[in-house]
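Letters A, B, C, D, E and F mark the chains as written, and numbering starts fresh at 1 in each.
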Amino acid sequence: MKLVTAIIKPFKLDDVRDALSEIGVQGMTVTEVKGFGRQKGHTEMYRGAEYVVDFLPKIKLEIAIDADLLDRIVEALTKAAKTDKIGDGKIFILDLEQAIRIRTGETGKSAL
Amino acid sequence: MKLVTAIIKPFKLDDVRDALSEIGVQGMTVTEVKGFGRQKGHTEMYRGAEYVVDFLPKIKLEIAIDADLLDRIVEALTKAAKTDKIGDGKIFILDLEQAIRIRTGETGKSAL
Amino acid sequence: MKLVTAIIKPFKLDDVRDALSEIGVQGMTVTEVKGFGRQKGHTEMYRGAEYVVDFLPKIKLEIAIDADLLDRIVEALTKAAKTDKIGDGKIFILDLEQAIRIRTGETGKSAL
Amino acid sequence: MKSKKLELSRGLTAITVFCLSSAAVAQETATLDTGDTAWMLTATALVLFMTIPGLSLFYAGMVRSKNALSVMMQCFAITCLMSILWVLYGYSLAFDDGGSMQKWVGGFGKAFMKGVNVDSLSGTIPESVFAIFQMTFAIITPALMVGAFAERMKFSALLWFMALWLTFVYAPVAHWVWGGGWLGDLGVLDFAGGTVVHINAGIAGLVAAIVIGKRKGFPTTMMSPHSLVLTLVGAAMLWVGWFGFNAGSELAADGTAGMAMAVTQIATAAAALTWMFAEWAAHGKPSALGIASGAVAGLVAITPASGFVGPMGALAIGVLSGIGCYFASVRLKRAMGYDDSLDVFGVHAVGGIIGAILTGVFVDAALGGAGLAEGVSVASQVFKQSVGVVATIVYDVVVTLILLKIVDAIVGLRVTEEQETEGLDIVLHDERGYNI
Amino acid sequence: MKSKKLELSRGLTAITVFCLSSAAVAQETATLDTGDTAWMLTATALVLFMTIPGLSLFYAGMVRSKNALSVMMQCFAITCLMSILWVLYGYSLAFDDGGSMQKWVGGFGKAFMKGVNVDSLSGTIPESVFAIFQMTFAIITPALMVGAFAERMKFSALLWFMALWLTFVYAPVAHWVWGGGWLGDLGVLDFAGGTVVHINAGIAGLVAAIVIGKRKGFPTTMMSPHSLVLTLVGAAMLWVGWFGFNAGSELAADGTAGMAMAVTQIATAAAALTWMFAEWAAHGKPSALGIASGAVAGLVAITPASGFVGPMGALAIGVLSGIGCYFASVRLKRAMGYDDSLDVFGVHAVGGIIGAILTGVFVDAALGGAGLAEGVSVASQVFKQSVGVVATIVYDVVVTLILLKIVDAIVGLRVTEEQETEGLDIVLHDERGYNI
Amino acid sequence: MKSKKLELSRGLTAITVFCLSSAAVAQETATLDTGDTAWMLTATALVLFMTIPGLSLFYAGMVRSKNALSVMMQCFAITCLMSILWVLYGYSLAFDDGGSMQKWVGGFGKAFMKGVNVDSLSGTIPESVFAIFQMTFAIITPALMVGAFAERMKFSALLWFMALWLTFVYAPVAHWVWGGGWLGDLGVLDFAGGTVVHINAGIAGLVAAIVIGKRKGFPTTMMSPHSLVLTLVGAAMLWVGWFGFNAGSELAADGTAGMAMAVTQIATAAAALTWMFAEWAAHGKPSALGIASGAVAGLVAITPASGFVGPMGALAIGVLSGIGCYFASVRLKRAMGYDDSLDVFGVHAVGGIIGAILTGVFVDAALGGAGLAEGVSVASQVFKQSVGVVATIVYDVVVTLILLKIVDAIVGLRVTEEQETEGLDIVLHDERGYNI
């Protein structure tokens, strides 16, 4: 199994969720995060002073999946999250040793 | 070492924390997340239109532990977080290569 | 590649970001979390009752990096985040199998 | 923008002012006073302001964020429902002549606002203004109760309960004291509603909190206020609006109204500081919730006394209610174990009782008050005050209990445990307070 | 702390009150009435309170958090800009004698507040108070529109548009009805601005919403209010402030003002409950947004009627506007597909029309109203009312369209799609509503 | 609900109105005017409304969320503490006859509100109302200072400091100007407190900010307002409440009060737009904080002038204070490097000085004002105004410095660095502003 973590632009969340649902992903966990990267932050003004806010709002998705699905998921995710503008985000893939469904105690693929 | 990530229902947080403390877990990190899964979301109404909100509030726990403790922790966690209703959540287990305590620079098990 | 996760004190964020930028880290993702550990929580009062709030505000940083940079990053991070007081936080290191830049589809080191 | 009626009433005023009638005649044929009317229009707006937004913010801030909308919605719906019932029959039951029942309750002669037109006066102000001013009291009294059973009552049950309570508790008790009923006859002093409003609401709230039962997790789980910022704003609005409540109860813009405002300010400040320092002494830190609660305690306690006592009497009432309500809310509640969520009993009932009794003391001219009635001693006035308090409590407890049982039978009082966990906002209203 | 002028005016009052002139003379030489003045000072403060903070909170709560500041900023800037334009020429255009143009628009004789000094009266109140009271109406009318095109209009375009709209729509229409123009002459009844304020703003808002276009994602994406807590607070403030709007429009503290306040309360409560129950019936749950919207609908509909109808007329107007506005905001909008973000058309235009027409019905003395003018039947009054409504709508649509085209040509009406996505707060003001 | 006293005072009024005494006699034996009283009851409520909730929200919104409660708590506690001190001796020190010290400070004859009863009048209003109206000024003046040293002062130190400051700075300076002291004698014009309230608070705030020292991280770290939504709401409440402050300072509902309200509105709108456009020009975008700050600047500057100038004078004062305060808050502060957290000096001291000086100019009848006193030229009036300003500044700086040193010695002025980092809400009050 793999744990796919994707950092995306917030307004792309619905598109990505739909794209993943379509290829059969049944669950995911979403976190509001702030990203720092090549994308320039916006300016905020306070009493005439301008401050550049480097940390931009992003959404982090965590999706535990069967390794076999990895390629399709990465592809769907990339397609749905892309705007071709800087700051579109990243996908990170980790190896997932074990998954357990709390309610039933099921483990492995069937827990996802 | 292992990194145990658990997604649970928010109101179970105190029970889980207590259960883990009891078996000697001394630290953990908690994040408010939103989960998408088999559990049906609730409805929200706006100007007579009803929208189903799929993303439900969940709590994510991250607990770095010595591999030896893994089974006991998973068991305690499962027991404490269970309501037997859909949406109870998942436990994901990753391999943790290294852990460092910032204050002392300790590494490995003694950093946990 | 490695995925470095650091839990630090909130007011250290700017220092840490600067320290990492200096050694060439170009991106990171930040999450507001609550930490439970050895550090004692603060008291809150409500109608004369005092409750100890165990979960303290912390910042979680996730930084995907080339494995070669690991030591320098851990060093810089530790130095910048340290106050020598309990609760300074932890660094966890996981193996990162793959990274993809959504905008370009680049993978591996060049995606970071 | 001008109505025809205006010309008429202007003309009338002019005629009255300019005619040479003697003072005695003037007393008999009351005429409209624009200054009194101006103040009472304002006072009415101020008392409405106390409930919405004031009280609704005060309470909303104290509950958990999942229930914030629900308490605001309850305050709002009570405002609307009580307004309509008041117009239909509430005003009549409270202030109309009750004929043979006059001691106990008013009649239906003023139902549907019959006879209340542009020209009808009540003293020197239009009767329409008097009726709506009184309506705002009939709104805030049930709304105060919301705090007692917050975070667990069904919305439908709330509507039923409040409609019945207005009819069978508020209207008669208001009649007893202000409508020509037996407590007024007895000489009970209640300038702006310590008994009618605060004791009444505080006791009924406690009864309801006990009948409905504790919130899940009470008292072990910390149920911190989700936004003390809102609570402080609400407390401030209550304070400001209360000038309309107390000084407005004079129904005129005169020296008594002025003094009522002054003593309101003094007692409130004194009670707030007292609660703050009590807490500072007992827990080591002064809290924002404490100072706000203390202010409300002072406002409650000075209410029955506001037209009767002087500045120093107000100071004493403030200090004593600050201490009394602090103990009731912090110590007594914990000792007894009931879950009066936002301390409606501890602040309104206890503050109201302290104020009602002390009114009998500080009305004494020797203590700076407006003076006791001919031949009445402090002791006998305090006895009268106590009769008012006890009668109200007994009646309120019994009738409230019966009404709750009825409503429970019809629609059920409480949401399910699961609903309570999820929060009333989503469960009852399909909405959330915040999407930030 | 006392000005010299005070002595003078005090003296004058004293002289007038104490001289033995007959009522007839008094009618001719108006003198200042301190009670009326007290009420109108208060009413002016209350109407300002409706816009800021009232309306700005009501609207801010309903938009997404990335645009919360932008709508508040718009309300604030409109308040300031309209104040200045009103003083420079708006008041004059609306209320000065227009000479040969009098039927259509006022003149420039009162530009720069010429002739408005400490001693000038308007009826029994200082003209300065009348001018500023009317200013607060000229502020809230454009501010109401902000809800129609919220979350997408440029701030610079807003300023241009509102300045032009005040000049070419608000001032003339106010003159038609209240300044001695043709609608007033015709006998159209609009006590506090159903036509001038609400229909006018509601229609112009709809036109602007259509010209500017839908928000990206409308209507498929859920655009939940970011804080219904704020919206409820804003609605409550609107309600309280509206007492100044309606009862203040009597320009005196008398029986009509009292009745205006009473009917305002009754209609509002009735409309709020009606909308709440309609929603409960249709969707299974009563919502906080629903009850708040219903309250505003009732406030709007009673506005033109407030000095003319009785309590039971108000009840009917409340119920009918509750239903009418509910359908317009929930059903009609969805059916037609326009994006009137916060239902300015559905509540203000529709509520205003319902109120304007029903004023013609319930003014009838037989229905408890102040009575129709000599020789006017309900049918003919309703006809007059309809003429007022239709004339206002036609004029408003045409001129608003032209003004929007002009502003679009000068600065462009709408932000870019990317800016809309990011949110107006950051994009237009370099600020964020919350950093919590 | 009616006190006995009512009958009495009603009777009195009636007798007075109907008796045939001449105007001259009426001038001598002042009687209560219900209209004036109605307005002053309202004005008092409005000024309290300025501090809580107005100012407390305005400030709370501007600090970081970890300190939001602390500033609200400070405003609340100041409200309570000043109320009590005012009743005990503050009112007396400011407004009682000081005998041989009359030029400098009042006596103790009115301590404990001695002699202030239901029948005592102050002009045409009850003295109780005058005393409480003045109390609200004594509340807001210290509360304004809170913004200068927000986010770092100890709560206990604040209480000590404010109690001393009321006694040794506010009460005497109020006496100088309004209580029969030397500045009033000199002919300094300060209608509603430009010098007494705003310069006084602004200067003391600056001194305190400097003595207490900068916040950790100032000025490099961005310390963004945690909720500009709250700040805008607070600014709006200040604006509305300020009508009570300025028009209430006339102590009557007459033409001067009306004009005071009108010029308040005009100057405020002008200053807000000026600040907004200045910022737009300098930084490319208009900000919500900017327009709100501009409004407050205008309110401050028109305060001393409000009973003396005409509409066009107000416009000029608005524009000039908008520019002046903008420069002081944005440029001067950065240049000088002091940490006046929320610009109390930049807005209140600078705005107050601009207003005080310009009052001397625009009071001129030739410029639309109420007119200079016999034989006084604009130049000499401006000189008098400057004397008032300078005297107040010098006295204020010296005494404030001494008081701060004393308080520092007793309890220490500042929290520790660690506490500052954690935030005052948790550290000083064991509470948090938000649990959302």
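The rule is short, and it goes like this: contacts are C-beta pairs under 8 Å (C-beta built on N, C-alpha and C of every residue); 3 or more make two chains touch, one makes a residue touch a chain.
Here the structure is a predicted model, which means the values were calculated and not measured.
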Both-way neighbours, i.e. chains that touch chain E and touch chain A: B, F
Pair of chains joined by more contacts [C-beta pairs], A-F or B-C: B-C
Distance between chain centroids, defined by C-alpha means - chain D, chain E (Å): 32
Rounded Å distance, chain C centre to chain F centre (Cα mean): 47
Rounded Å distance, chain A centre to chain B centre (Cα mean): 18
Numbers and ranges of chain E residues touching at least 2 other chains: 17, 20, 33-36, 38-39, 42, 224-225, 253, 283, 285, 287, 289, 429-432, 434, 436
Overlap residues in chain B, where contacts from two or more other chains coincide: 31, 44-46, 50, 94-95
Every chain pair meeting the contact rule: A-B, A-C, A-E, A-F, B-C, B-D, B-E, C-D, C-F, D-E, D-F, E-F
Chain B - residues contacting chain A, complex: 2, 6-8, 31-38, 54-55, 58, 60, 74, 77-78, 81-95
Chain D partner contacts - residues on chain E that touch it in the complex: 17, 20-23, 26-27, 33-36, 38-39, 42, 46, 64-65, 124, 178, 190-192, 224-229, 232-233, 235-237, 239-240, 243-244, 247, 249-259, 261-262, 265-266, 268-270, 272-273, 276, 283, 285-289, 291-292, 295, 307-308, 310-312, 315, 368, 370-371, 373, 434, 436
Contacting residues of chain A [partner chain B, same complex]: 3, 17, 26-31, 64, 94-103, 105, 111-112
List of chain F residues in touch with chain C within their complex: 221, 421-422, 426, 429-432
Residue ranges of chain E in contact with chain B within the complex: 219, 222-225, 279, 282-283, 285, 287, 289, 329-331, 333-334, 343
